[in-house]
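Beneath this line is the structure, given in structure tokens, with notes to follow.
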Amino acid sequence: MAKVVSVEEAVCLIKDGNTVMIGGFMGCGSPHKVIDALAKKGTKNLTVMCNDGACPKFGIGKLITSGQVKKLIATHVGLNPEVGKKMNAGELQVELIPQGTFAERIRCGGNGTGGFLTLTGFGTTIADGKQVIRIDGKDYLLELPLKADVALICGNKIDKQGNVWYRGTTRNFNVVMATAADLVIAEADKLVEPGEIEPENVVTQSIFVDYIVDGGNA
Amino acid sequence: MAKVVSVEEAVCLIKDGNTVMIGGFMGCGSPHKVIDALAKKGTKNLTVMCNDGACPKFGIGKLITSGQVKKLIATHVGLNPEVGKKMNAGELQVELIPQGTFAERIRCGGNGTGGFLTLTGFGTTIADGKQVIRIDGKDYLLELPLKADVALICGNKIDKQGNVWYRGTTRNFNVVMATAADLVIAEADKLVEPGEIEPENVVTQSIFVDYIVDGGNA
Amino acid sequence: MEDIKGFIAARVAKELKDSDVVSLGIGLPTQVENYLPEGVRITLLSENGIVGEGLIPSADDASLYVVDAGGQPASVLIGGSFVDSAVSFGIIRGGHVDVTVLGALEVDEEGDLSSWIIPGKKVPGMGGAMDLVVGAKKVIIAMEHTNKGAHKILKKCTFPLTGIKAVDMIVTEMGVMVITDKGIELIEYNPEFTLEQIRAATGARLIISPNLKKMAG
Amino acid sequence: MEDIKGFIAARVAKELKDSDVVSLGIGLPTQVENYLPEGVRITLLSENGIVGEGLIPSADDASLYVVDAGGQPASVLIGGSFVDSAVSFGIIRGGHVDVTVLGALEVDEEGDLSSWIIPGKKVPGMGGAMDLVVGAKKVIIAMEHTNKGAHKILKKCTFPLTGIKAVDMIVTEMGVMVITDKGIELIEYNPEFTLEQIRAATGARLIISPNLKKMAG
């Protein structure tokens, strides 16, 4: 059962050196209020997993600009020039993962499977160091689960028990990330009463969410 | 884009000897009208994948009673005594798969991953003949994808393009099966216009569904 | 004892903590919900697709659209939700279930469990049990201590296994046992039975806990 | 040629059939949608989570909640739907996308493709391209034939690869090429160029199709 807390209380749960998954795609569906509070608090040496680097002054890009991120694991960083600059200056490590593999590895971390086989990246540098398993004459890479200390997600409607409904394309990585971290903090555009989201339309189930921050965009 | 057809037209697409996935859990969420038409048509030598054997006169149990099923791949058959009888008489092969592994293997068949690792069944007869992969000191079974010629699913509301919304617990295996067969026939409790299901609340996307049968329970 | 199953279910219920996500097997385990301690609210997972299962509906309220893992009419609580089978077993395998309570044909001192087949006799299938025993954080077996006198708690299971090193605790009408590195340890006993009776009903060596307590029914 | 990109996009559009599920990369490939033949309705997949992407909304209609794979405001058609990233890439990897159209830095005669990194210069990342090239049934590269004169169609890619044996067809302002077991076969040419010019602009051996046609713009 999730607990509603202030954004300041929420970011106090994130520690220096934590691995933090952050939902969103170029900032769409990112928990912007939590990111702002995290930037303000100055928590350091974070390893951040996020689809992309967003922009220097938007989304998780703010945490890169502020130097709080030690390592970024993402699929695309081309639209945030700060990432390249900090990489070249040796201030930021970047690990790039194909987007489908990234989503599936996070799902894997959340659902207790120990890995999965994919053709994606076979024959490329992505395959370096990975076990290859041949099935019916096809070579697959064995990809392993990704987990995190904390996941920061954002939903459009979240009920007070923690059930989440996403609007538009905001669900992206939020859905899998909510399953794959020890601690899940969900920012609600709008906090609603239990039952306001039909049980059929809940996308992230309450049992995955530990803390809710009311984004107040009711 | 899905096409609306009569139930008779739909079952003509299923051939003798086909492998057919059928959604439902003890008949809840099964496409009953399509099953009835298939029983009437008498299509033979089917390999059926379904969570369970349902009951002798209900759900996919009807196809077992009528002798149309050569092989049943399921997780539980205890509530249909016909299954045991036909097994002992050598008229039906039964392969049992743990329920979580069954769901995930079908998902795997639909999503292009070549297999996945699970602890489920390690050390049991389920592990016989399967590759064991050790990761961080834990032994996992490598489980392979399941696919079918045809999937028969059922949704509560289906729009004329093929988007599906499920009510209650009816979604069970329908969701993964819709992704894992060459031909997908969906029975609609209620056929609706495109747009009647909010784009956020679609559970099975139109691109997976080939044919729709109007169940007429509007 | 008049209601052996109720007695066992009541003891199991004391293992559940507020906010636990719990999966209960068909039969005796289902009854555990009736004995929840005051102030303990759990989220019940029905592996066919309910997160937050509610009470069994009256015949009038029963819907064709909501059933439990036994295929019987069920309901969802306010704040509950429905999931597909892949998501449901992602919850189970992924370690998001705190406790599962299951029945058994046999349990042994390694924590191995047999529960899904009696070769040559009954082939019901494993359903979700093999996933539950590897996925749930705590696996409790709730069962009668013997099968009409025949041992069910053994040195080594004889039927095909559901899982290995899977069981954490066994609750029967005779007592509460935990599986340890050294074997099966009796931590509570039902004073209606003597230790000798319990030992005789058990087909494995029984380590008596130095802190042995009376079983709280 | 005034609108090289439009010319290429128009030719690619002719490869799309009614009911195709299509994924278009950022940049030139996005323009393909503007040239769909009459009667051809496709379902556009935006890999960040739209099945049935619609037109680019006007500034007034743009919502913070709906963006495309480039992070730009987007819309969903009636009958479209939103999916999460795991489902989206299940669609892609699972063979449910009929055609993907992508840009490239380099393509070679094995069908290998480089598109995501220029070592020491640019590290944008591969986004969804590595999944698209293994998952889509047909992979079309839409690009200018050379990079200001420098060959992009090569005997062997020099930059890190996006995928191997991945490309089915290349469409440029000079012609249409398919990757065969024997190499790159020119099946259509733009009559604004001579075969000699096209050969000179190509860093790999060009097999001229016995059925060579003029490129339909």
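To keep things simple, chains are lettered A, B, C and D as they appear, and every chain counts its residues starting from 1.
Here, contacts are C-beta pairs under 8 Å (C-beta built on N, C-alpha and C of every residue); 3 or more make two chains touch, one makes a residue touch a chain.
Since the structure is predicted, the reported quantities are computational estimates derived from the model, not experimental observations.
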Required steps from chain C to chain D (each step between touching chains, minimum): 2
Interchain contact steps from chain A to chain B (minimum; 1 if touching): 1
Mean-CA-position distance for chain D and chain B (Å): 35
Chain A-chain D separation of Cα centroids, rounded to whole Å: 29
Per-residue multi-chain contacts in chain D, two or more chains: 76, 82-83, 89, 92-93, 134-135
Per-residue multi-chain contacts in chain A, two or more chains: 104, 107, 111-113, 118-119, 166-168, 200
Overall pattern in which the protein chains touch one another (line/ring/star/complete/other): other
Inter-chain touch pairs (all): A-B, A-C, A-D, B-C, B-D
Chain D-facing residues of chain B, complex: 1, 107, 110-113, 159, 161, 163, 179, 194-195, 197, 199-200, 202, 205-208
List of chain D residues in touch with chain B within their complex: 19, 21, 41, 43, 45, 51-52, 76, 78-83, 87, 89-96, 134-135
Contact footprint of chain D on chain A as seen in their complex: 25-28, 51-52, 74-79, 84, 87, 94, 96, 98-104, 106-107, 118-126, 156, 166-176, 203
Complex contact set, residues of chain B against chain A: 104, 108, 111-119, 131, 133, 135, 138, 140, 142, 144, 165-168, 200-201
Residues on chain D engaged by chain A in the complex (per definition of touch): 46-50, 63-67, 69-71, 74, 76, 82-86, 88-89, 92-93, 112, 116, 122-131, 134-135, 160-165
